[in-house]
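Here it is: the structure, laid out below.
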C-alpha cells in the first residue's frame, strides 16, 4: 500500500521533494464531475508557501497541476485521474550534509535504516511536506464533488503553542468555512490570530519553530455513514490523517478533554427539533459507534513543531557512528500547522467522498 | 470490511452482546506457535468485569474461549483460527425500553438509523464493550508470539478524570509491563492509583461515570517497520485503536502536548551509545515518518466516560418523535478506561505482529 | 487475507475437515434481509454427499449451520454473521499414514512445506472440499438476497470426461435454474446426464475418478457493474472461484473456444429490441471491458478429477526422503465436479452481491 | 480499486489511449534495485506495434517511459515509482463516429452506460490495449528484480486459431525463455510459428482478426508461496491476468484438458530425485491447494480475436436507439494474442514479486 489510501476511491501520492515531479493518482473517481480548476488553484494556494510576512517559508512553489488523465474538458471521465506537479525550485546542495547526519525528529534516520543508502532524502524526499501539494489536488477535487451534494468541510488553526482560537460553534456553517478559507491566517477569532502570529514570528526570530493544532469540521453528512468497529469514520479518518507529515495526534469531539469529564457532563442529550432528531451538544463529534449521527463531524489534530530549525542540534554521523552537531540552513516553515490547515481539509474530504460513494449500505 | 482489520494478519470480531455467542477469526496466523492457554486466560481475566470493589461492573462473564479451528494440541496449525465465547449471563429485559429510546452518546441511535428496526441492540449489540473479549483472545495470542521474538507490549491507566499517573520511563522494561499486568489497578504510581480509585468510586456513588486515558508502549521493535505516508505505524495503529468502543483520541509520543512546544524542545537528539544509534528523548514516540526508529513505541488514548449512567437523562422516543427521559438500569462500568487497558495492549499487539510478519521490506 | 474474499461484503471460511467445527463469517451483510432457513438447507443439501447411487461419497454430513450472530429471528441484523457447522462423522484414522506420505495432486505436500509438521491435514484439513459447506451457507444467503432484487444464479454440470451437456440457451431463465437445482444430477439434457452418470460410475468401479466442467450463468444484472482493468467482474469472480478446491480453469463467454475464432465469428452484434439495446449473441459472456453489458453473465470452470483415488499411487516418504507407494482408503467422490455445482453458484452469488452493494458508482 | 492490483506491491495504471499520457505507479517497490533501462526498453519493444510484416498494427508508438519518481540514478529509492509515457501518434478523428455507435465486443457500450457521455473512449480510452505499455514498464522492472533472485518468467504464443505450438517442456529453462523473447514471433516450434503467421496474415487480408492462446511459465519459485483458498497463487494471478484487455480464460496446469481426464491420468506422482522431492509430471501447474509446490508454475490464457475488424458490422446508434452498421477504419492488430505475450509475462512477474516480498509466512 504505502502512499495510498481509500476503499472505493483510492488516492495515491508519489514523488520526492527534489525529484522530477510529484503527483497524485485517483482511482474510482465518479465520472461526469466538472472540476473548476480556478477554484482548485485557489484551494492549492492556501497551502502554498511564499512569505505571509515570514510566517511561512519563502520557497517559491508554483504548484500548478497538469492533468495527464481522468479529466477531459474539465470534466472527470471515469478513468483514473493523474495530476503531476513539476519540481522546479530545488536547492539540493542545502541537503548534501544530511545524507550522513540525520536531522533530529525527521524521517532521515528511519528512511536510511529502511532503504539503506538508496533513499532519496534531498529536501525530505518522499517524506517532505511538499507531498501534501498533490494530496491537496485530490482533496480539492473531492471538496468540489462533495459541495455539489451539500457536504462542506472546513478547518481553522485552533492553537499555536499555548494560545488557542475559539472552537467551532455547535453548528458551523459553510459561510464560516468560506470566511476562514479566505483569510491569510485562518482563525475564527482575529485577536487569537494576531497573538498566534506573534508567537510564530517570535519562534522564527529565535531560529526555532512552534507546534499547533487544527480543528476540522464537516457538515451535511447523512446519518448512518460508516461501519462498526474497525471500519468506522474515526478509523478511516485517523488512518488517513496520520499520513500528513508532522501530525501526531487525532481526537474526535471532546477527545482528550472528554477523558477528564464525567458521563453526565460528556453525554449529548438527544432532542427533537423541528421534527428532526438532533443533539443538544456534540461532544461525540458527530460520531456514535463509528457511525455518523447527523450532527457535524468535528475533530482536532496535533501538529508537531517543524523539526527543521536553524539552531545547532545534536545528532550523529551515520558513517562514523559518532556524535556530532548539525546546523540546518535553508528555508523552513516556523509553524507547519499553519500550512497544514487545507491539507487536513483535503484528507477529510477524500475520506468522506469515499464513504459517501460506498453508500449507506446498512440496508441496500 | 466492517469489524475486521489487518493486512497479512486479518482479525475479525463477530457477535452481539446478548446473542448466542461472540467470537473472533484470525486469518494468516503463522503456524507452529504454541499458545499457552493458561497465560491467555490470565490476560483475558484482566479485562473481565466482576467486582474489583465496585470499580467494574458486577456482571459475571466467564470469557473462556473455545477454539473451533486453527489451534490443534495447543499449537497453531496454519489454518484460520476461530475462537468462540458463549454468551450466558444475559438480562435482555433491562434493555427492552432502549429499542425506542436511544441512550445518549451510545450507538443505539446510529445503529437504528443504519440498520432500521433490525438492529439487535440488546446490551449494546455488536457495539458492546463485550466484543473486546474476543479481541483480547486474538491480542493475547499475538502477544505470546511477539514475546517469543523479543517484542513486549504494556499499558497503564495514565489518568482518570484530572488525576494522572506517572508516565512511562524513557525505556520501559518487560518487567515493568509484567508488574502492571499483575496489578488489579494498573498504574505505575500506587498513590496515583489510589486517588484514581477514589474518583471512580465517587462517580459510581453519584450514579455517574468518569473518563480516563491509557498510555501504551512496545519495546523490542526493530527500526524500519512501517511504510511511508498512509501505511505507517501510526496510520495502522490509529485505524485499529479507534475500533475500541469509547476510544475518542490517539496521540503518539508528545502528541497534543508537543503541539504546545517549540522545535528545540520537542526534537529528539540522536546520540551514539554503546555503538548503537539512539535518541536522548522520545517525543516522537518511537516513530519518524511513520517508520519505527528503534526507540520504544509510545502513545496515549483517550477513553470517554461510560455513556450508560444511572442518572435520568434527556433523550427522544424514536417512534413518537418526541422528547422524553430515560433511566438506565443494570450494571455498568463507572470507568471503561480501566477495563480497556488490556484491550489497548491486545489491539497494539495484533497490529505489530501484522507489521512484523510483513517484514522490513524496504529492501528484501 | 488467506481464506477470505470480497470488498464491501467480506466472506471468510474457517475450520479443518476433522477439527471441532467449520464455519463462515460474513462482514458487511445488509440488515433487514429475511433468510428462509428451509430454502437455505435445500441449497446446502445440493452439495451434500450421501449416496446418489454411488456417484458421491457415502460420508454422512448433516451440514446444518448454527447461527452464532448476525441473524436474529431469521432476519439479518447488520452485525457480522457467523455460522458454524459441527464436525461429527470423522474417521481420522484413515489419514494417519498421510502425514508422512503426501497424496499426489493434493495440498498435503505444500501444506507440509508451508506449515511444517504443524499442519492439521486430517481429511484434507483446511483444504478439504468440506470447507465448501460453510461457503455455501454464505452463498445461499447471498442468493436469497439477490433473488429479491431480480438477480438469479444457476449452474449445471456441463461435461464429465469427454461427454458434454447442452450449453445454456442465449437467455437462461430462472425457471431453468430452478429445474436444474431440483435435479439430483444437474444437467440440461437428460440423455447427457445419463451418459455422464455412467462415466462416473465406471470411474468409481475402477477405483478411479473423473474430471468435469460446470457452466454457470447469472441473469438480471444491471449493465455497468464492475470497474476497469483489475477490478472488473472477471477479475473478482476468477479470484474467488479459484478458491474452490480442485478448480483449475475459468473462462468467460466463448473463452478458450473464442481463441480459435475470427473476430467476425466471435463479435456480438448489438441490436435494439423492444427499445432495449441487446446483443444477438453472447460470446462475451455478458462482460465487456470487465463491466456487465446487461446480457446474461456466463462462464465455465474446469474441475480436476478427484486426486484421492483407490488405486495404488507413487509418492514419497517425507521423513525418509525416499520413494514409496500409497493406497488411499476411505470414501471419496469419484467426480468432485458434480458436488461443486452449487458451490460455483454460491461463490458467484457472493461476488455479485458484493458488486451490487457497491452500486454502479461510475457516477453517483 | 479499479485499475490497481497487488497487496504489498501495488501497481496502478492510468491514462486514456488518446489523452495526454499513460503511465503506471508502483507502491511498495523494494529499495536498492538497479534497473537496466536498456533491458527494460527491449522488453517494452516486444509488445510494441510497428509492422512485423503486417502482423501487428502499423501505429508508431515510441513507448519510452519517463520516470518521475522512485528511480534515482537508475536505482529504486524506496519511494513510490511513477513512469509516464506521452501519447503522440493520435488519430482521434478515426473514432468520432464511435461515440454514438458502440463497436461490437468492445467496452464502448459498457463505458457509455457506466460513465455516461463523459467517458473518453477515443482509441478505446482507458480500455485500450495501449494501457498494457505502462503495465509492461512495471512488469519489466519486476522481472529484473525476480531474475536477480533466480526466478524467471517466460511465455510463448501457444496457439492461433486452431494451430498450436508445442507446449513448454516439463522443466522450461531460462535459456528457453530468453530464446523466445528474442524471436519476433514467439513460438517454440518454428514450423508452428510459420503456420500461425499465415493464419494471422490471412485474417488480416480478409479485414478480419483471429484469437489465440498464450502459455506462460515461471521457474525458480520456492515451494510454500501462496495462502489457502482465496489468496493463493491461482486466485491472485487470475485476478490480475483478467486485467489484460481481451483475455477471456485462464487455466493452470492441465486445466480444461484435465477436466476430461481420470485421476489416475491427471495426478502427478511425487518422486525423490537427487535428494529433492519433485513430481514426475506437472498437470497441477506447480500449484497444489493454491500454494507453490516447487515445480514450474504453468498456465494458459485465452485471448479473444481483436474485436476491431475492418468488415462492416451490425451495431446500434445510442442516440437514435436504432439499428445501424459500422465500419471501423484505422490500424488494428489482427491478432492481439501476439502482442499480449510480454504483457502476460509482465503481469505474472508483478504478482510473483508481490508474493515473494510477502515471504513464505506460513511460519515466520
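When the chains are written out, they are named A, B, C and D in that same order, and each has its own residue count from 1.
The criterion applied here is as follows: a contact is a pair of C-beta atoms (placed from the backbone, for glycine too) under 8 Å apart; a residue touches a chain by one contact, two chains touch by 3 or more.
Note that this is a predicted model, so its numbers are computed, not measured.
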item: Farthest chain relative to chain A (centres taken as mean CA coordinates); value: C
item: Of A-D and A-C, pair with higher C-beta contact tally; value: A-D
item: Cα-centroid distance, chain A relative to chain C, in whole angstrom; value: 45
item: Chain A and chain B: spacing of chain centres that average the CA atoms, whole Å; value: 26
item: Distance from chain D to chain A - Cα centre to Cα centre, in angstrom; value: 38
item: Contacts with 2+ other chains: residues of chain B; value: 1-4, 7-8, 13, 28, 31-32, 78-79, 111, 114-116, 118, 126, 227-228, 362-363
item: Contact footprint of chain D on chain C as seen in their complex; value: 1-5, 7, 13, 102, 104-111, 113-116, 118, 126-127, 131, 159, 161-162, 203, 206, 208-213, 223-224, 227-232, 234-236, 238-243, 245, 248-256, 258-272, 275, 277, 279-280, 283-285, 287-294, 302-309, 311, 313-316, 318, 321-323, 337, 360, 362-363
item: Chain C residues touching chain B - in the complex, by the definition given at the top; value: 1-4, 8, 10, 12-16, 19-23, 25, 27-28, 31-32, 66-70, 72, 75-82, 84, 111, 114-120, 125-126
item: Chain B to chain D touching residues, read off their complex; value: 7-8, 28, 30-32, 78-79, 227-228, 356-359, 361-364
